[in-house]
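So, here come the structures, one by one.
Below, chain A partners chain B and then partners chain C, in two separate complexes.
After this line comes the complex of A and B, so read on.
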């Protein structure tokens, strides 16, 4: 474990921050612009995971285990969220027979 | 503390009742459990005692909000007795999910660690995504559910990013440490910390439906079952606002964050009130009205005076009473009108049931903020807070917007008092009559005697 922490610390913190921001932005762009709901779910997952990476990096650099514990909680919640999301997706697919986000246009002002 | 455990166990208990087909017992057991939780809160009074390894601590505001949310949930449960009377399947799940969601809301009133903020938001939201899709064969319901889910998770990702950045600077999730770091930030600002505060604020403003992050709320309010809409616009709003208030208080509000929140407040007030003017669908009207109320509440959050929490509580609680009453009235009128949700369903209400018409008038006047109702006292206190915090221009703008808001409430009142050729055939069960009367009378009582809620 300690070896792992030093290995993480070899790379400067800024690199982790930039990488996480890039991953987060890719996820965000995908969630906003892709039309396929399954891809959108994947992009949301990417956003969560970029945060996980950032937390793990901060945790190693601060030598504080709290961040890694937080990562476990995020994984747990993300799993719960995806479970619910896929269930809702199946329900929607049964009703409109498509997973295209453009089908979601019945509620409008 | 024991109340937190009680509510979680209560949810599981309700699931078991559903499993063994005891549909009749659901509401009595649920209401008794919630009343017991209120009792525990009242007896307990362990204010400011850290619990669960310094994760949770109820201060005076958290205590008030928790009791308020439990009371509103009791009202919604009683409403459910009639609402779900004709539905045979999956009723227990709806109640259980509502209780689970409430547990998350209780965590939001009392978190002292960013981990609990995140878990509270998620425990509050995940059951809500399911509840919004409660009508399984309705396309609108599943659409609302999916939209809510997508935008909710999107907001959670922002919240998490913010928490991670704050952790990067503070090296701890504990709010005490974060507060010290935030104090140091006032002298030497760190871009990462400010950015983190921004991200968390964005994540939370999705939940309170503040513009420009409000666009999900009209769709979700319209598509969800009415009972769930009532829950969303009351308990969830209370929880999200106390969560946001605590967070903004901890960060000491860096000047940039303060400015961003101010702009958000102005947008929220404007969009909520102006777009509501052209709504004729009752649930969407209520959604925009709820956005407008978020604007007023944001003003209070910005002020951060010692009595802000009490004012927030008074505002959200009286708003919740009025909203629950109106959604019950709407369900009754909707049934009489064969599922229509246009505001014309209220036409002839006063002629058909004079008392219901009067209560509707009171509730609407309270939402509009007319003197002698609780809504007026609430808005008045918020304006006082905002003036105290030197937000004079915003206050003037908010007063103007409140005046604009009176119009769309008046349109609904006019419908209720216009006689129609055929009076709506309203069937009112005793429980619903009691609930509506309680909401109507308490809105006036709390308006006359505001001291009782503080």
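After this line comes the complex of A and C, so read on.
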């Protein structure tokens, strides 16, 4: 337990910031890179998690539990979002028989 | 401690890259689970034990299993995999890299990160998080149940079969012909 408490002080906050920047950029590039809707949803989850990690790191370094409660709420919203998103995906597969995001362009023009 | 951090960071970045690069969606889900487990390791390193447990239960246990179920249900595999053109891929990678460089440049320009006034290593324990959750954040916590209820209703409404009559269909359709083709004698 004592080792864990010192770990927060040993590892500088900038390391966590850079790590979550990298994870967020990978998630954003992946959402642009892929056309499979389910992988785009997974990339969204990746971006949520990088933000969660950053919030948790700031919260631990500032000794404020409010940040970790926010992470908890982000998890709740992500769970609700995934439920609705996967329902939309199943409906899309049933109607147009594809998971290609480019099929959903009827609102485009 | 540094070694543990770099170990978890390497695993999470590599598995995140694999999520984007894998051809088969099942492989993407598996590597995303690995990424989430390494992020849970980061939470434990930050002494955020409540978050680590909730993260494993909610993400790895519930959300990723839901993803796996949907992938298996829709029978997605390599053959049904749509792919983008080369130009779009290059543009996507360039956009991600430029975004990363912008963020890192903003960080290098000097963000003042002040230290905590009094340091408390037990911030992430269940006791302090629970006191904050049921003290200051009680109303949002109760509101999230309404959010979940609406998410359940929305998923059920979207997931059921579309029974509304089409506009071009007759209001009272004739009884349909039997589907089986008549075999010519």
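The rule we apply is simple: the second predicted complex is superposed on the first by the 99 of 109 C-alpha atoms of A that agree within 3 Å, B and C clash if a C-alpha of one lies under 4 Å from a C-alpha of the other, contacts with A are read in each partner's own complex, and residues count from 1 in each chain.
Quick note on the criterion: a contact is a pair of C-beta atoms (placed from the backbone, for glycine too) under 8 Å apart; a residue touches a chain by one contact, two chains touch by 3 or more.
Quick caveat, the model's predicted, so the values are computed rather than measured.
For the composite obtained by overlaying on chain A, chain B and chain C can both be accommodated side by side without a clash. Within the superposed three-chain model, A:64 lies in touch with chain B and with chain C [touch as defined at top].
Contacts of A:73 after superposition: both chain B and chain C are touched. Contacts of A:86 after superposition: chain C is touched, whereas chain B is not reached.
When the two complexes are overlaid on their common chain A, residue A:102 makes contact with chain C while staying clear of chain B.
Comparing chain B with chain C, the partner in contact with more residues of chain A is C.
Of the two partner chains placed around the shared chain by superposition, chain B is the only one that A:47 touches, whereas chain C remains out of contact.
Minimum Cα-Cα distance between chain B and chain C in the superposed model: 5 Å. The intersection of chain A residues touching chain B with those touching chain C, taken from the two complexes, comprises 13, 17, 24, 27-28, 62, 64, 66, 69, 73, 77, 80-81, 84, 87-89, 91, 95. Chain A meets chain B in the complex at residues 13, 17, 20, 24, 27-28, 31, 37, 40, 44, 47-48, 50-51, 54-55, 58, 62, 64, 66-67, 69-70, 73-74, 77, 80-81, 84-85, 87-89, 91-92, 95-96, 104, 106-109. Listing the residues of chain C that touch chain A in their complex gives 1-2, 4-5, 9, 12-13, 16-17, 19-20, 25, 28-29, 32, 35-36, 39, 42-48, 50-51, 54-55, 58-59, 62-63, 66-67, 70-71, 73-74, 76, 80-84, 88-89, 91-93, 95-97, 99-100, 103-104, 107, 113, 115-116, 118-124, 128-129, 131-133, 136-137, 140, 144, 147-148, 150-152, 154-156, 158-159, 161-162.
Residues 3-11, 13-19, 21-30, 32-36, 38-39, 41-43, 45-46, 49, 52-53, 56-57, 59-66, 68-69, 71-73, 75-84, 86-91, 93-95, 98-100, 102 of chain A are the ones touching chain C in the complex.
Within the complex formed with chain A, the chain B residues making contact are 115, 118-119, 122, 126, 129-130, 133, 136-140, 142-147, 149-150, 153-154, 156-157, 160-161, 163-165, 167-168, 171-173, 192, 218-219, 222-223, 275, 278-279, 284.
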